[in-house]
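These are the structures, in structure tokens.
Shared between the two complexes below is chain A, which has chain B as its partner in the first and chain C in the second.
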Partner chain A sequence: MNRFDINVPLVKLLVAKDWQLFEKQLALYVAGGIVALCLLGMAQRWSFYVGSLVLIIVLVSTACFAISNSLIVERKERTLAFVMSLPVTPMDFHVAKLIGNLVTFGVPFLIIAGGAIAVVLLTPLPDGLVVYGLLIFGYIFLAYCVSLSIATVVESEGWNTFAMISSMVLINPFMMVLGQIPSIADNISRDAVVWTTPAVAILAVQVVVGIGVLAYTTIAHCRKPTFY
Partner chain B sequence: MQSNQRLHSMDNLRALAMLAGVFFHAALAYSPIAQAFFPTADRSNSAWVDLPIWFLHLFRMPLFFVVAGFFTALQVQRKGIGGMLRSRWVRVGIPFLLFLPIVHMAISADTLHAARTVAHPSPLLGFIRDLLAMGPLPSMPPGTGHLWFLYYLLLFCVLTWVARALGPGGLMARLAAVPPLWLLVGMPLIVLPSLAAMPVPHPAPESLLPQFWAIGYFGAFFLLGAVIQQHPLLIERMQRHVVWLLPASLVLYATFVWILDGSGRVATLSAGHLFLAFLEATISVWMTVACVALGRMLLERSNRVMRYLAGASYWIYLAHLPVLLAIQYRLMDLPWHWSAKLALSIVATLALCVLAFELLVQRTVLRRLVGTSRHDNSPEGLVGFAPP
Partner chain C sequence: MTAAFSVSGLGKRYPHFELHDIDLALAEGEIMGLVGVNGAGKTTLLRILAGISSPDSGTVEVLGHSLPREQVAAKRQLGFASEDMRLYRKRSLRWHMDLIARAYPDWDESYAGILLKRFALRAEQLLDGFSHGQRVKALLLLNLARRPRLLLLDEPTTGLDPVARVEVLEALSDVLRDGDRSVVFSSHNTHDIEQLADTITFLHEGRMLASCDKESFIDRWRRMVCQGDWTPDLAHWPQIAALRRSGSVLELKIRDFSDDLAGRLKGQGLDVRTVHPMSLEDIFITTVRAGETA
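Right after this comes the complex of A and B.
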């Protein structure tokens, strides 16, 4: 059997299992996202700030929740031992976790990011915020990919918690750093979307590194003959 | 609800609400209140037009949302939450994404043409003409237009999943157990804050971003429809109140018109505004409940014409506004009485939409999205997919 072969029906069942286990929390995040979009839709300065904050909180919470519950807690509660009793290879398990996580995080992420960009473009807010916003979403994407990869590879709960919290909390310094780059900061208040070289470079690094980390973890898992 | 029971009253109510929608949009052109904002506002108009249309405005869309909530709950019951969401994506989400740009472009092109050619423009057309004279038109923020109903229907379907995942079990049964009189008194108070936050009469929530007030106001009716589906006895218990709901609503509406006429513009957040919003909320709830109860009493039988219109209503809802505006732009310069223009625009719009339904929908791939099976006898019937 090729190590890249995947037991698709079983992977679907594992993803469905994660979905059913986390449905309540995901519903809560979706509700939070809708509330945030409503706040943004009020077109008031205060509601814009509160709505933006709620959006970021929802995204960060979804990211941490998906990783910690589908990987870390599963290990802690010995659910993995049960999964190992099924006809599942480490690759099947990894793919199921990857898909499950990408669905639970990716769908709200894309909806919220798209909604936030639409808000900027469709309201009197300066369009220059689009680049700034995309860089922030890019950072959350990168932090999520790194945390997911670490949670997949490293079994220590302490290290995983450290990786998740530190990567997500670093969003504040990252926003401050963006504010210190003149070619990005100066264009935020302009009514045009301006892609400067530093902005494109940062976004490219975020996307390439994020996907690269996930790809590396997947390849590393293909090589594993056993779960441990 | 018996699984093999055909829901004629809901089919018929949807057809009637759709016809009311075409009448409402057509009549706006001849309403003095709509003169400032409606593009086809005609120089021939009458205050008599305002009387029925703003009354209709208070319960036409709530009635649609009751029907939508009813069939969403029915779909959840039959197909599960995942099946409902998949079905709604095909029958509501895709048509929304497909027709939104088409409708927007059609209305924009015809409005620009009318702004250049109509000899007696409406205030809005005149404004557009002035802007055109100064140079290229500034870009307007895109909205959902009259397809906002589909947007909120999708949102409510997602919220249905959220409510089922998070909500306490037995909530529907508890709501259905509330005595009808309490519901008729309590529900207006629930939707009052939403209406109090908006001007009178409330506008359509056409923004691409969801609005709290619209979720609170229309969501309450969507929930009512779902409760009725789960507990049909509720609407039967409400039937005994129909005898006073209709006259009481008319009295409240007379008060509403009297206050609005007497004070002119009422400032938002004033006591007068709050009272008007209370009247709006009460009329909305009472008339919607009266319509559903009357539908169950009088319309629970199959009628070929109404069944056909119910089947075509989704398409007519999507297509009627660009067609109607195109016709009314061409009537604006004619020296006819408003009643003749109103009648002609309604008849011509319906005729063209039905013709297009037969030629463009029922014989093409669009039938799967916005049409209906000619042999559909399922309990969900012609309206089961996506009542607009």
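Right after this comes the complex of A and C.
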């Protein structure tokens, strides 16, 4: 059997399993995201700050929830041994976890990100926020990809918690850095979506590095003949 | 006869443990008991047979599939349950049964229903509310109802209270005789092994000390109580695995017992008072202490 061969029916089954395990909690996160978007949509100064804060908290919580429950808790509660006994290779398991995570995180993420852009474009909020907002969403995506890769490779719960918290907490300095880049900061309050070279470059780096980290982890898993 | 599994020159190294050069095979339809203390290598061996762990050296063939290369094909035909395996607490047994049914085409729903009754389990109950004994039974049900050709059970009775242990063993005894599946069953409790196994394998510190059918083990070993003086010459007799002296009374643990042994001992000035068969536990302990093959 080639190490790149994937047992598609079992991968689908494992993805569906993870979705069933987490769907209720993820629905709550989406609900929290909708509340945040409503606050943003009120287009008041106070509601904008509260809504932004709630939105970031919801996204960070969704990312941490998806990673910790599908990988870290599975190890801690020893349900991983049950999954490993199924007719899957480490590669099947990794692909299932990758897809399962991207679905469980991606669905709320895309709903909230899409909703946020719609709210900005359809309310009196300045349209220039779209670029700034997408860069923040891009950062959360990158931090999520890095944390997911670390959780896949490293078994230590402590290191995983450290990786998740530190990568997500760094969103604050990242936002400050964005505020220091004139070609981005100056366009936030404009009523037009302006994509400048630095903004496009940062977003491209976030997406490419995020996908690259996940691809590297996948390739590393291809080398594993068995789980242990 | 087809082998349910065969391993040859099997080795696996961990930082603080090593499985050494294991050669072992099991014919289809037989039940093998792996006996060993904690850290003997039982779990490592079972994980390798289950396709979860790969050996550092040697070859492994399970149900005609070479591992780890053909692990998926082998895993489709085997069941594996270990003491450290847990099910999802917030889900019901029914949810787990549906999951396994979709993973294994040979899942037998009617047999699962029979096992539910036999194990007195409720399918709709969340695993969170199951006792340890019920969780073990649930795992057994999930494995047995997929009709595996080879069932690997790693310490299934560990941690059970005496009543639950007897219940699990009785249930296992019933269902394991029902069919021609092969089973490898590990435990540090020799009574459990003695109750279920056809073939017994002793593991200790990563080495295989002995492996043969249960009757041969019991037939070959005896505990002899003799009266007389000990002569140093007896220490070189290969049959004497252990000796304990109490005054002029000698207790000998004998491997490879034969009927003429009493006469030969008499020739050495020892009067044989009693000859008793040994329990598996006694044989195992004697073998481990002797530090050599039984």
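The rule we apply is simple: the second predicted complex is superposed on the first by the 226 of 228 C-alpha atoms of A that agree within 3 Å, B and C clash if a C-alpha of one lies under 4 Å from a C-alpha of the other, contacts with A are read in each partner's own complex, and residues count from 1 in each chain.
By definition in this document, a contact is a pair of C-beta atoms (placed from the backbone, for glycine too) under 8 Å apart; a residue touches a chain by one contact, two chains touch by 3 or more.
These numbers come from a predicted model, not from an experiment.
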So if we stack both complexes on chain A, do chain B and chain C clash, or do they fit?
fit
Which partner reaches more residues of chain A, chain B or chain C?
C
So, does A:L40 touch the first partner chain B, the second partner chain C, both, or neither?
first
For A:E23, is the partner it touches chain B (first), chain C (second), both, or none of the two (neither)?
first
According to the stated criteria, A:P126 is in contact with first (chain B), second (chain C), both, or neither; which is it?
neither
By the touch definition at the top of the document, which applies to A:N7: first (chain B), second (chain C), both, or neither?
second
In the superposed arrangement, does A:P87 touch chain B (first), chain C (second), both or neither?
second
Have a look at where A:P198 lands relative to chain B and chain C in the superposition and call it first, second, both or neither.
neither
Please give the least Cα distance, whole angstrom, that chain B and chain C reach in the superposed model.
13
Intersection of chain A residues contacting chain B with those contacting chain C?
none
Tell me, which parts of chain A touch chain B in their complex?
23-24, 26-28, 30-31, 34, 37-38, 40-42, 115, 118-119, 122-123
Over in the complex, which chain C residues touch chain A? Could you list them?
47, 50-54, 68-73, 75-76, 79-82, 84-91, 95, 99, 102-104
With touch defined as at the start, can you tell me which chain B residues reach chain A in the complex?
141-142, 155, 158-159, 161-162, 165-166, 207-212, 215
What residues on chain A touch chain C, complex-wise?
1, 7, 10, 13, 17, 20-21, 77-79, 81-82, 84-89, 92, 225-228
